[in-house]
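Below are two complexes that have chain A in common, paired first with chain B and then with chain C.
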Partner chain A sequence: MNVQPDLDFIRTLKEAGGDTLKKCYQCATCSVMCPLSKDGKPFPRKEMIWAGWGMKDKLVTDPDVFLCHHCGDCTANCPRGAKPGDVLSAIRSYAYTFYGWPQPLAKLASSAKGLPMMIGIPVVVIFFMWLISGGMHIPNKEFFAEHGYQQFFGHWDFKWYAKNIFFIVAFMVPSLGLGLFSGIMGISKMWKAMSEQADMNPQYRPSVGQFVTDFIWPSLVEIIKHSRFNECGTHLNRVRGHLPLMLAFIGLFIVTCWSLLKNDVLGLIWPSLHGPLPLTDPFKLLANVSAIALIFGIAVLWSNRKKMETEMSAQATFYDWFLIWEITAVGVTGIAAELLRWAGMPVLGYIVYFLHLVSVMMLFLYLPYTKLAHLLYRTTAYTFEKYRESIFAQNK
Partner chain B sequence: MDKKYCAYICAGCGIGDALDLEALAGVVTGEMSMECKTHECLCGVAGRAFIEADIKEGVNTVVVGACSPRVMTNEFNFGEGKITVRANLREQVVWAEVKPAEGEEPHAEAAEFLAETAADYMRMACSRAKKTELPAPFKLEVINKTILVMGGGLAGLTAAKESAAAGYDVILVEKEDQLGGKALGWRKSFPTKAPWTDLEENPIQALIAEVEANPKITIKTGIEVARITGAPGDFGVSFKAANSKTEWDAPAKVTVDEQDLINKGEKEDPNAGLKKYTSINPDATKVGSVVLATGWKPADVSQFEHLGHGVLPNVVTNAEFEKLSKAGKVPAKVAFVQSPGGKDNDKDFPYCNSVTSMVALKQAQYVCEDNADGQAFILYQHMRTPGSMELFYKNVQTNDGIFLTKGSVTKVEENGGGLRVAVEDTLLGEDITIDVDMVVLAAGMEPMTLHEKSINLAYRQGPGFNDLDLFDGYADSHFICFPYETRRTGVYACGGVRKAETMEEAVDDATGAALKAIQCIESSDRGVSVHPRSGDSTYPEFFMQRCTQCKRCTEECPFGALDDDEKGTPLPNPTRCRRCGTCMGACPERIIGFKDYNIDLIGSMIKSVEVPEDDEDRLRIIVFVCENDAYPAIDMAGMKRLGLNHMVRFIPVRCLGSVNMAWIRDALSAGMDGAMLLGCTYGDDYQCHFVKGSEIANKRMENIGDTLSTLGLEPERCAANQIAITDYDKIPHIINDFVEEIVEMGPNPFKGF
Partner chain C sequence: MTDEQGTSGAVLVVGGGISGLTAALETAEVGNDVFLVEKSASFGGRVAQLNEYFPKMCPPSCGLEINFKRIRDNRKIRTYTMTTVKSVTGGPGNYEVTLETAPRYVNSNCTACGDCAVACPDEIDNDFNFGMNKSKAAYLPHEMAFPRRYVINKKGLTAAGAEAVKSACKYNAVDLDMQVQTCTINVASIVWATGWVPYDATKMENLKFGQSQSIVTNMMIERMAAPSGPTGGKILRPGDNKEIESIAFVQCAGSRDENHLEYCSHICCMATFKQMSYVREQYPDAKIYVFYIDLRTPGKYEKFREARMADKNATFIKGKVADITIEADGSVTVIAENAVTAEKMSQRVDMAVLATGMQPSLSLQGAPVTLQMDSNGFVISDADKAMISAGCAKKAADVVTCTQSSTAAALKAIQVSRR
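== the complex of A and B ==
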């Protein structure tokens, strides 16, 4: 291999939290300490020298970078004061931008400089929607009590497709679609690059069904059970935050799907199904429990991050904090909107609901470029790791 | 001196419990006709007062039967004009007794054995006391305290500055026309203070100015030393213009056989046109001691063909790169190759020590300083950054443009306009190639003594240092135990000629060597020895009337202290002497001796040992023990109660080199059953305090084996063993095994004759 160090890559990593990457002197204490590292291909020692040598191509095609759960065991035990955990985190952040499509949007989401724009886009889009929807009014208390936010974008009599839904779908679905499309583009690009790097034969493949049952499904089970996360030493407390948070997202996903089904399909047959759910409804219950779990989880992660920054002097990065703020924003605005509805405060309620829409749209739109992308990339890496060790990769 | 004797036996530390002191005192008063007293604790205030009371009454030679002579030295020092001889009853008799194994009965005669051993040690001490005389130190008529510093580089300048600061006049000689040496070519120097991260200004110009302004320092540039005659305190130095030839150049050593050939006209005289080594130059400058700071040469690295030095453009050595970097900008992509061996050998370049690692770290910084996107690759097998320089290494690592990996550099070749370096077994997990503008090879620093005599002494043993090949050309006495010392007393090495080292180390080194040079002058002034027998005021005296001019002493002296005249009669130089006694051991005529250590004295000690006849349980084996390492090891074996056979008697000697084979013959003809030498390791990792003594003694022992066979004695009755001071646990094994061999051979057949 002809080595051409990329100095800009090194500088970028240093800014993105990998400031200590050059301190490594390759003793491999990190790889020994790492509870997740495997015998055959230990990490993060090799990633540290690749990073130190500015070897971008090696790192963005290295599944081990995504298998790291940032336990901090390596960082806590490094005799040289390097923080391999933080460096790997910086590499992941770089990879999301690297694989992101379209690039301008990916770049925008990669630093705090882009934050006004990142917020600006959904604010303008949703406000514009609100303008053109003609629903631009603040309801009185009685109306608010009856309909909640269900006529935020107004109402029309075309019963087959509610106006409110029409407008929400008009910006949420393209946002999520773009996010998912870009994410899938990214992970397939990564998969291809990783396969090339691992020198695997692309001709020999499992069927889609086998791929799901043998590789994707076991990975998902592992992720949901937090098996690897639980092996972490130094930052084990993060499981207490991450697990409720992840379950909250699953819960809210189910509620959203039900709500869609209820309003847009079943609601056509039984119009009485429209309107806010009563508190006793199992789905409402799930939604509220999830919302509380979300707030609890993010609070734990927030305090852990703070603690890590003071105790282990981890660099505060936009990459980490954006996701924490973003999820907090979604949770807080969601719950506040609900509380304001109960409190019968339409003006404040509508403002908060607007912000809730903005934060949710941001979540979807920037999904593949920000730290949230780990739910796509890490899952892919889990799958790739299993695939790499399987008969399909071995047989050339 | 009229000697008045008295012996004292201490009852403390278990000696009184194990021995019948009255009977022991009886041996002294009876056989040795010496008054003998006992005391419960001689080393205490009361004990000392007990002895001092007798000294007031006129006793001036005291025999102390107590602990080892290695301990309580102040307690049993009764001042000038008094002689004290110690019998080691504690460590080597009482504590060394073999204890019966568990469940075993002690030997029926164990108590008698112990009493006999103690009696022998008292007899030996009394004989020694009778033969010991008070030393009178050797004093030069005139002593010169000027220090000659050879070499005007960083080390020489520092040595001159430090010697002058201590109040000594200095002559500084430099071959080149300007002072400064190699350091003139260096762009920056290593950090010398916390936080140990930043390169510093080269201190050489400031140092030159300081030395030039010092009135105590005489500077001679463009000059070199033709020859040095004489001895510490009285060296005569002949100077000459650099690179010229004069009749006062130091003559090469010519052996007796070579001289024969020269005389017959069959060999060219290498010293034709030169004054004899014993000639005195009336114009010579007198100095007291010499600091050798003649520096180093960059090693030739073209022998490593795969690296292309001398063939490919832009493959340079580190020294060449440093000069380039001082002259101007260095290229933007540079590879630093630290080890030349490819895959077969992970050693760094020869003579590199830890210097080349640090130089590469320094020069890599030049690449990034001179070029905005500079890239420096350090390809090492070993990264050596001792002490605080680890912090320097850590800081260099954090530079974005510096890339380090362990690896085997297998090839440097041309690639377009630049160079391509192939590296295998890297930390990157695969073999790599790197394209660069320049390759820097970490050439080592060869000491000047590897290439030339450097010191140019007019000594009988030749102008240079001996056995240089043992230490790859370094003029070494003992690098660890005796830093700065060379095998020539009064000559102290520092800087690149002593060790491949950084400028900071050279400064420390030069200060140390300057202090050694001062110490040597002052010791010579007081008429005492330098290290390792510092303060010893005895010196070897020769009874020349009986000298047969055999030249063994002049040949064997490890320090070249003895010159000789036309006929071969030795010309002693007591201030060159380190008092090891190797000459005394060598002399077949037994005419060399010290006031308190000579052939007769040790011979009398041997003869005073009682040799019982026809008793298999009472064989006698004499062991000559080097008092530097082996003797303390035996003491430690005693302290640990390891148990040494009761038939053995230890006699301490200054160095095995001083053991005269006459003693062995004395011992065996007195009916003793075996003899052993116990001393330091010799060879390339020698521990002999006098460098060659142990080795010479072993050679002599090989020869005595032949003598014994002609007498009808088994050569195995004599043995020589080496031991390190820390190996006290091996002492019982060595001693007791030897005794068992002798027991198997049976008693000496000459017993009783």
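== the complex of A and C ==
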């Protein structure tokens, strides 16, 4: 085999937390120690040598890279301090940028250098919306107490559709749409590349329904139950943070969907449905419980990451910290905005609410390129793994 | 010879294994006085525990006996067993060293007739055989012990045992009231030939040493293969004495591993090749599996490796064993990834041999005086201070390299004494 090492790729990995990859001497302790590695072709030893040799094409089409949950058992037992767990994490970070579409946005979201721009885009967009909405004034206390942030973007008398909702939808839906569309572009590209690498038969395919019930659904069940994450040894504590955080996101997703349905569909029929929810409303309750779970989850993950960096001398990377900061920002600004409303502090409240909108828009917009992309790519890898072992993948 | 620093030019050699013996002899045969100090009850060190050793596959009696004879015949060498260095004061050319000798409970009247051992009702774990069998509490350290004198483990002796041992001795050699003794000597330089201990295999939790008798160390195999060993030279599974149909050698068990010994111990690959030949001699059809990271044959041993690799019933797997599971029938399954085929494999075997490495003794017990050491506890020679290291105290090495470095150490020690 004629190896053409991609030196830039190796350099990128080293910067993204894989600085130890060259220490690997291929003893394969990691492959045996890994609780998630399957018996047939285990990982991460093979990924370590591919990374060392700069074999980018092999790595970005290797589902095992995405099946790794960064348990840390390989790293803890590595005789050389090569930290295979951290290297695989760096490979994933590279892969999200590699598959990212559009590329300029993916590149922007891949390093701390892009951070001012990443924050700048939503700040400018939302501020511009605020300017053109005409709502651009800070309310007095009485008004704030009555309406909260419901008229952040002003108010019009068109009873079918609230002005505020109109403006929020105007930038949030395209952001989420772009995020999801780019994400789907990325995972399709990855699926295709993985299929080619695995030499699958493209002629014989399951129906969409079959694909969902046989491959996607079992993967989702596994993910929600954290079945694999729970096998982890060294960093098992991360489950304590990740599980509430994931459930919080599901909870907030449900609340958002309801709010969209209530305001944009049902609100057209019964205009009285517009307005802040009372605290006793089940959806409001779910929202608040989720917000607390989110804060708790991210706090656990934050402290775990810090511990990992001090105890196992993991490199502090933009890839890992961006998501932690981002989720913390969403949670903290969300809860702070609510508290400031109760406290009746309109000026501070409006500023925090503005920041909350910015952080949520960032979450959507950069979803397919940052660490959050794991929810798309890892799910795809789970699905691919099941698909690869199924009858559909047999190339005969 | 002028002696500017006003010493006798004597040299202290700490450790009486192959390196210490060599350093002591080389120094004394040049004309210097030598104090040779050994912690255990007999000289010979680790080499005495081997069945055969490189380069010529001799039994240890081969090399040790001639050295013991040279020492006996050399009036320049004073030997001390069961003795440790307590403190060192002074400076190069004029060290004052305090030695402490633990009670042997047997005095020089002993003729090694063995009557005390026969009479002794008490048994203790035989450390020389790594606890694989028992010895009497009154015992000869090993078959070719030098000095050839019994020793009594007083803690292992009951009151009745003490009485039996005392009355069995015809020569009035048993003295259970013996006390710790200290003495002070003056030397010009000190050779540290403190050797090594096998790395504690229980520290590799994943390799389950101590949890199954089927998991042994390479040094235990040496004792089993030795005619004087616990099984009379037959390699059998400890516990049920099963004959071996399959055996796995687990290389780098705790070596080249920054969680354990970060260096390569230099000898374990060759030791495994040697032990493969023991197994093959006794079991012509046994399956042998060797799990390795890299096979290292330092020196001129490449042909030795080739011969072992030509064995039809031997399989070499590039992949470190990272897990061992204990099976109900007493066998064990070793688990590794074959890095060549990228497949994970589990191999069930009758016995697994952990090729543990060499840990410098001083890194465990500490030196009685400040010595220059590397991060692993190997002693770095400091000629200015007249502290010279030799053998495995200096670096992990085979016998040939040890005797070479001991000869070099002797020369350095002499140079200091005549400065």
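Convention: the second predicted complex is superposed on the first by the 393 of 396 C-alpha atoms of A that agree within 3 Å, B and C clash if a C-alpha of one lies under 4 Å from a C-alpha of the other, contacts with A are read in each partner's own complex, and residues count from 1 in each chain.
By our rule, a residue touches a chain if its C-beta (ideal position, glycine included) is under 8 Å from a C-beta of that chain, and two chains touch if they have at least 3 such contacts.
Note that the structure is a prediction, hence the values are computed from the model and not measured.
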item	value
Which superposed partner A:V3 touches (first chain B, second chain C, both, neither)	first
Partner chain(s) touched by A:S272 [first = chain B, second = chain C, both, neither]	neither
A:R11 touches, of chain B and chain C: first, second, both or neither?	first
Which of chain B and chain C A:M55 touches, first, second, both or neither	first
Touching partner for A:Q26 - first (chain B), second (chain C), both, neither	both
Which superposed partner A:R80 touches (first chain B, second chain C, both, neither)	both
Contacts of A:P42 with chain B and chain C, given as first, second, both or neither	second
Residues of chain A at both interfaces, chain B in one complex, chain C in the other	25-26, 46, 80
Interfacial residue positions of chain B with respect to chain A in the complex	373, 375, 383, 394, 397-401, 403-406, 427-435
Interfacial residue positions of chain A with respect to chain C in the complex	25-33, 37-42, 45-46, 77, 79-81
Touching residues on chain A, where the partner in the complex is chain B	1-5, 7, 10-11, 14, 22-26, 46, 49-50, 52-55, 80
Residue ranges of chain C in contact with chain A within the complex	206, 252, 256-260, 293-294, 318-323, 335-339, 342-344, 346
